[in-house]
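Paired with chain B in one complex and with chain C in the other, chain A is shared by the two complexes that follow.
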Partner chain A sequence: MEFIQFTWLIPLIPLLAFVIVGLFGGKFKNGLGSVAILSAIAAFVLSAIVSYEYFTGDLFAAGLAYIPEPIEWIAFGTYTLNFGIYVDSLTCVMMLFSSFISMLIFVYSIGYMGGEGKRKRRYYAEIALFLAGMLGLIVSSNYLEMFIFWEIMGVCSYLLIGFWSFKHPDGDEASVKAASAAKKAFLVTRLGDVCFMTGLFVLLWAFGSLDFTAMFDDPVGSLVNGNGTTIMIGTLLLFGGVIGKSAQFPLQDWLPDAMAGPTTVSALIHAATMVKAGVYLVARSYPLFVQNAEMMLIVAVIGGVTAFIAASMALNNMNLKRVLAYSTISQLGYMIMALGAGGYMIATEMAHGAADIDGAVGYTAGVFHMMNHAFFKALLFMCAGSVIHAVGTEDMRRMGGLGKKMKITSWTMLIGCLSIAGFPFFSGFWSKDMIMEAVMEPAVAGAASVFLFLFVLALITAFMTAFYMFRLWFMTFAGKPKDEKLHCHGESPVSMTLPLVILSVFAALSGFLMFFWLNDIITFNVIGGAFVVGGHGHEGMDILHEILYNQWTYVSLALSLFGILLAYLMYAKKAIDPARLNAGGNTRIYRALTARYYFPQLYDEIALRLGYDVAKGVDYADRNLIDGTVNGISNAMMGSSGMLRKLHSGHVQDYVAYMAVGVLAVFFVFYILIMTGGF
Partner chain B sequence: MIPIELFLLMSAVLFSIGLVGLLVRSNSIVILMCIEIMLNAANLNFIAFASHVGAPLAQIFVITSITVAAAEVGVGIAILLHAYKSKKTTDINDLTSMRW
Partner chain C sequence: MEFFEIDIPFMLLLLVLPLIGTAFCSLVKRDANQGAIMFSGFTLAVALVYVCAMWTTDFTESFSTGWIETKYILINFDLYVDGMSMLMIVLTALLVFLVSIFSSSEKHNPRMFFAMLMAMEVGLMGVYMAHDYFLFYIFWEIVLVPMYFLISGWGGPRRHYAAIKFLIYTHVASLVMLIGIFVMVFEAAGASDQLNFTFSAVAAAAGGFDQLFQTAAFGLLFFGFAVKMPLVPFHTWLPDAHVEAPTAGSVLLAGVMLKMGSYGIIRICLEVLPQGAVAWQPFMIVVAIVAIIYGAYACIAQKDLKKMVAFSSISHMGMVMLAIATLSGMGIGFAIFQMFAHGLITAVLFMVCGICGHNAGTREIPLLGGLAGKMPIFAAFMMFGFLASLGLPGLVGFVAEFGIIMSFFEYLLSIDMIWPIIFALAALLLTAGYYLWAMQRSIFGKETDRIDLSDVHDVNKAEGFSLGVLCALIALFGIMPSIVMKLIEVVPLVISGVIV
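Right, the complex of A and B next:
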């Protein structure tokens, strides 16, 4: 039996769970959370079976995707919009890790959301829909289908970030904040979504179809001839969608605010779904993006700048979850930068007429880092959730010394921190060094000095990442308790610690997968003028060799270790007083970082200056022009009918008189016409 | 042979009597009768032309018309009877509830 033909069930199972939990969850005490969890498990198992079948099948060996005949959805003119399934190695990797992590997060929710009472139904229904959205996006076979699931995720993130907008455990002020954070997330990502949609129109116009098969299977180069500019504009607009969804510069500001939601939701958004969709879109659209080297340069620069500024904002933040949010933005920047750098290499080689391009390190690095990041970021968030669950605050200044009370949490979080900081042999180390290598490749080739700049940014970011992650860890778990009033409940229940332990294993070891399994899977090649995803990779040992024999690996490693050491000296040993470096928090840069480089103000200013006036104009037009026309017509009708209805007196004889007069009038008209010879 | 003009004159006088009665009388029975007069004026007109041009087929139409008129009067009187039962009047000026 071929399970791969049931791929469409993968998003359908969580969707079904959403319907069941949404309709009947209220009747059960735990809100039917078990249904949501079972659906995630089923989705994961099915994903695993499908992936196994695909990877062992002939299609994978030939570097082809599994694409069953799509269902025709809408046909208009010469265009046909389809609904179908597209399984290639990227799809498999994505759906494996997102369903796996979602499954663990769902299990973790049993403990974390245990005190929510009746609102559990809503929670479990929404996270099930969230997962359905992500999995649907992953298996989509065309851009429009993808966009639909993309929007489903947007709605779910809005609902879940604002989950506590009714009643926040920290009081009313926090619930107002949650509501406005949800609105912000929705509106800011909406800006990107509008770009995405416009991009779809442009691409539909350029290609006459939105199916991946039709758009990607064109031989290299034939697309560029003629409508290269159109495709460039289309992909640029698509990338606008990515900037919104994956919180890239300059739309990065919604993600830190999104911390107002429950921590499990943050884990879901940051690790398994939502923000990963943007990176996935770039990886999926690689055949379109690599048509143009300047396009890839823009992508890489946006990624690099995002990585840097987000990491710098995490340096002095005191909120446990906010630091993690900034680190997510920063790591997403890394992924986008790697994809941009890899695509730049392919684009320049293609411009020189190469028909065979052997692998893009950037592509491999970006997707690989996305997977590793999913593991360690889910782990970090769930550890943070465990801490918050135990102490009831997110302010790190009040924590400290929790390591003794929460052994499992502190150790698993340490693994997560080591992994994200790029400590040797943890998963983050491998993927981060592949990214460094990917960014260095075009810089060394002398293609662009921009990449040298990006490489320096990436190095500084690596240092900052190590520093702020260990600052977080030391402030939370090391030393003595800072606030005597803070009561710690001790270690969290098994439903919460078990996922932590499982994830910590992956966060520590998933990097090794690259050397004997993923090296053949996460690849993007140009073979004989056609794009091939997966199936033809480097030898795993070659990759290992390249990483270990690259001097820059050791530079970034040294910087990371220095960051860890600095954090240790500042926050564990207290040998260096951080207040001395920033003049008690009064330096200009410190304030700029706390105010997030004034981005929130910038958003407000733009919204107020530009948006308000535009809105006023639209309001005027709406009230006066559109409403005026409609009201005028209806008023004229009302007035004239008000007069005419008086004729309807109810006296039958009046009607007879009207009729007689009418007949006489007609008679006279005809009479006169005949007499005067009109006929 | 009576000239056709006399028939037409007679018909016009009958029609006018009926119309005036229809417009000025307030008893609905009388109004119904006036309608019948107008109908028969038309029938008279019809038969006069028929005999003038020599088309005997027209007589069939007139007979049909009279038959229909009889049925129509039956319906009319039934309506009036019901109106009388509910309103206790046959005065057309009091039967004005079907209005704006």
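Right, the complex of A and C next:
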């Protein structure tokens, strides 16, 4: 039996869970959370079976995707829009880690959301829909289908960020903030989504279809046919969607505010769904993106700048979850930068007429890092959730010394920190060094000095990442308790610690997969002028060799270790006083970092000027100018306002009389017209 | 239409059933609400059978019988149904049925209230089926009367002002439209003595209308329809009427009455006066964009939830106008789609506003806050309606929006001027902005202490049923838009050379 033909069930199972939980969850005490969890498990198992079948099948060996005949969704004009399934290596990798991590997060929710009572129904229904959105996006066979799931995820994030928006455990002020954060997340990503949608119009017009098969088959040819500029505009607009969804500069500012939701939701958004969708879109659209080197340069620069500024904002933040949020933005910047650099290499080589391009390190590094990041970021957030669950605050200044009371949490979080900091042989180390290599490649080749600049940014970011992550760990777990009033409930229940342990294994070891399995799966090649995803990878040992024999690996490693050491000296050993470095938080740069480079003000200002101020003007004009004219005319017609007031007698009979007069008048005019016309 | 081997005049049934309902409701001693539900239910059942038949066999149907015939005039009782009429008929039948249930607990003079609802259904059905200009005009005017009484009899504090404004404003516009009809009929009659008011006679003669005449006649008719839609700057009757109207009135007003305007433009202006349409095309594009943007901005500034929704109707009907103004088959198809989609969505919005005003005691957004805590089901419906209205993919509004902007994009490409697309896109953002901001202030955040919420209650069964049906349909047609598209394909827009 071929299971791959049931791929469509993968997003449908969580969708059904959403419906069931939404309709009937209220009748059960646990809000039918078990249905949501079972659906995630089922989705994961089915993903695993489908992936196994695909990787062992003939299609993978031939470098082809599994694409069953799509269903017609709507047809208009000369266009037909479809709904279908598209399974290739990228799909498999994505759906495996998304469903796996979501499954663990769902299980973790049993403990974390245990005290939510009746609202569990809403919670489980929404996270199930969230997962359905992500899995649907992953298996989509065309851009419109993708866009639909993309937006469904947007709504789920809106709902879940605002989960506590009318009754927050921290009080009314926090609930007001949550409502505002949810709105901000939706509106800022909506700006990106409008770009995405416009991109769809451009691409639909250029290709006459939005199916991947039709678009990716021969875009090299369409480029020759003079469609190059159109494709560039279309992909640029698609990338606008990515900037919104994956929180890239300059639309990054919604993600830190999104911490207002439950921590499990943050884990879901940051690790398994939502923000990964943007990176996935770039990877999926690679055949279109690599048509143009300038386009890829823009992508890489946006990624590099994002990685840098987000990491810098994390340096002095005191909120446990906020630091993790900035780190997500920064790591997403890494992925985008890697994809941009790899695409740049392919684009330039294609422009030189190369028909065969053997792999792009950037592509492999970007997707590989996305997977590793999913593991360690889910781990970090769930550890943070465990801490918050135990102490009831997110402020790191009040924590400290929790390591003794929460052994499992502190050790698993240490693994997550080592991984994200790029400590040797943890998963983050391998993918981060591949990213460095990918960015270095065009820089060394002399293709663009911009990449040299990006490489330096990436190195500094690596240092900052190591520093702020260990600052976080030391402030939370090391030393002595800082706040006597803070009560720690001790270690979290098993439903919460078990996912932590499982994830920490992956966060530590998933990097090794690259050497004997993923090296052949996460690849993007040009063979005979056609794009091939998966297969034809480098030998695993070659990759290992390249990483270990590259001097830059050791430079970035040294910087990371220095970051960890600095954090140790400042926050564990207290040998260096942080206050001395920043003059007690009074330096201009310190304040700029705390204010997130004044981006929130910028957003507010734009919304106020272009939105509310104009709206007030329109409203004034409407009341006085337009409606004033209407009332003025009617007053003039009635002779005087006094007479008009008399008409408003309020007696229904009077109105009926006026009506009758009116109708009679109409018929009279009608009659005259007929008579005069007739004769 | 042949059905079970029996020839049933479905079109007449659609007029007669609500007419009997009107008489029934105004004559019974009590339980007028039951009568309204029953007769609107019968009408809906007939409409559903009829639409299923059309869906499976793609027919268009005419009904013709003589009515007034003298030496000088010929007026027939002609009816005609194609895909566009059918969608509007089903929408009318559905909404009248649902508002009858929604308002079934109306205490104030229920006999007249439900009689007015049923009378309005007669008028609306007539407008969407009439195939004779005189008949069309009669039905057009019939619709005004019950709406006037609904506003002035069951409305809010300023109901008399709003009702009379509504009546005079739209009535003046109707007169201009009537003049347009006359000039068209006179022109069509030509040298003949007899004025023939049937659609078919005018359409047959329309080939001989010269461009100047078409442009002039188009202007007269267009003004009449534009006030009805309404387009900026002829819209100010609408927010006033909505704010004062009872919920049932608002739902029908925004859900089906506004569509009379766009229906008229497609059915009469485009089919008979295509060259006039070409001459007016730039103007139509501009007024459409103005309506879209102006309506959206006005929404942001509103404090009354219902007034905001009223302005959002102006913005969304601007989308319909934009689609029509592209003068392409695709654009007009999606204009019809948007008329249908907006009818479903806006019904949810006005019902939600009604519940808010009734249960919380006020619709003033600054006074509300945190309602989701006490009224979770209400909040869920409100959120669903707002998200549908802002064009969330997977719901019916998105399909219309996507198709309309795509048609507009193609039109702009054809005239080699892309930048106006910015306006359509900006509207998407503004729409999301005002809805989300309104939700943030009304149902989310801290529970308000500015009004007394101690004994507030959630949606009741009747309200929940009406809203539930509408939401289910919004989702169904959003996921499977081809169901609606199939009917839109049964609109024979065969004007060679203009609409492709």
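Here is the rule we use: the second predicted complex is superposed on the first by the 606 of 679 C-alpha atoms of A that agree within 3 Å, B and C clash if a C-alpha of one lies under 4 Å from a C-alpha of the other, contacts with A are read in each partner's own complex, and residues count from 1 in each chain.
As a convention for this text, a contact is a pair of C-beta atoms (placed from the backbone, for glycine too) under 8 Å apart; a residue touches a chain by one contact, two chains touch by 3 or more.
Computed from a predicted model, the values in this text were never measured in an experiment.
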With both complexes superposed on chain A, which partner does A:72 reach: first (chain B), second (chain C), both or neither? second
Considering only the touch criterion stated at the top, classify A:45 as touching first (chain B), second (chain C), both, or neither. neither
Quick one: classify A:509 as touching chain B (first), chain C (second), both or neither. neither
First, second, both or neither for A:19, with chain B first and chain C second: neither
Winner by number of chain A residues touched, once chain B and chain C are compared: C
Once the two structures are superposed, pull the chain A residues common to the chain B and chain C interfaces. 648, 650, 652
Taking the complex as given, what residues does chain A use to touch chain C? 72-77, 79, 144, 147-148, 150-152, 155, 158, 162, 165-167, 172-173, 175-176, 178-180, 182-183, 186-187, 190-191, 194, 197-198, 201, 204-205, 607, 611-612, 614-616, 618-619, 622, 626-627, 630, 634, 647-648, 650, 652, 655, 659, 662-663, 666, 669-670, 673-674, 677-678
Chain B residues touching chain A in their complex are 19, 22-24, 31, 92-93, 95-100
Of all residues in chain C, those that touch chain A in their complex: 71-73, 141, 145, 148-149, 152-153, 160-161, 163-165, 167-169, 171, 175, 178, 182, 186, 193, 195, 232-233, 235-237, 294, 297-302, 328-330, 333-334, 370-373, 387, 392-394, 398-399, 402-403, 405-407, 409-410, 413, 421, 425, 428-430, 432-433, 436-437, 439-440, 443-447, 481-482, 485
What residues on chain A touch chain B, complex-wise? 645-646, 648-653, 656-657, 660
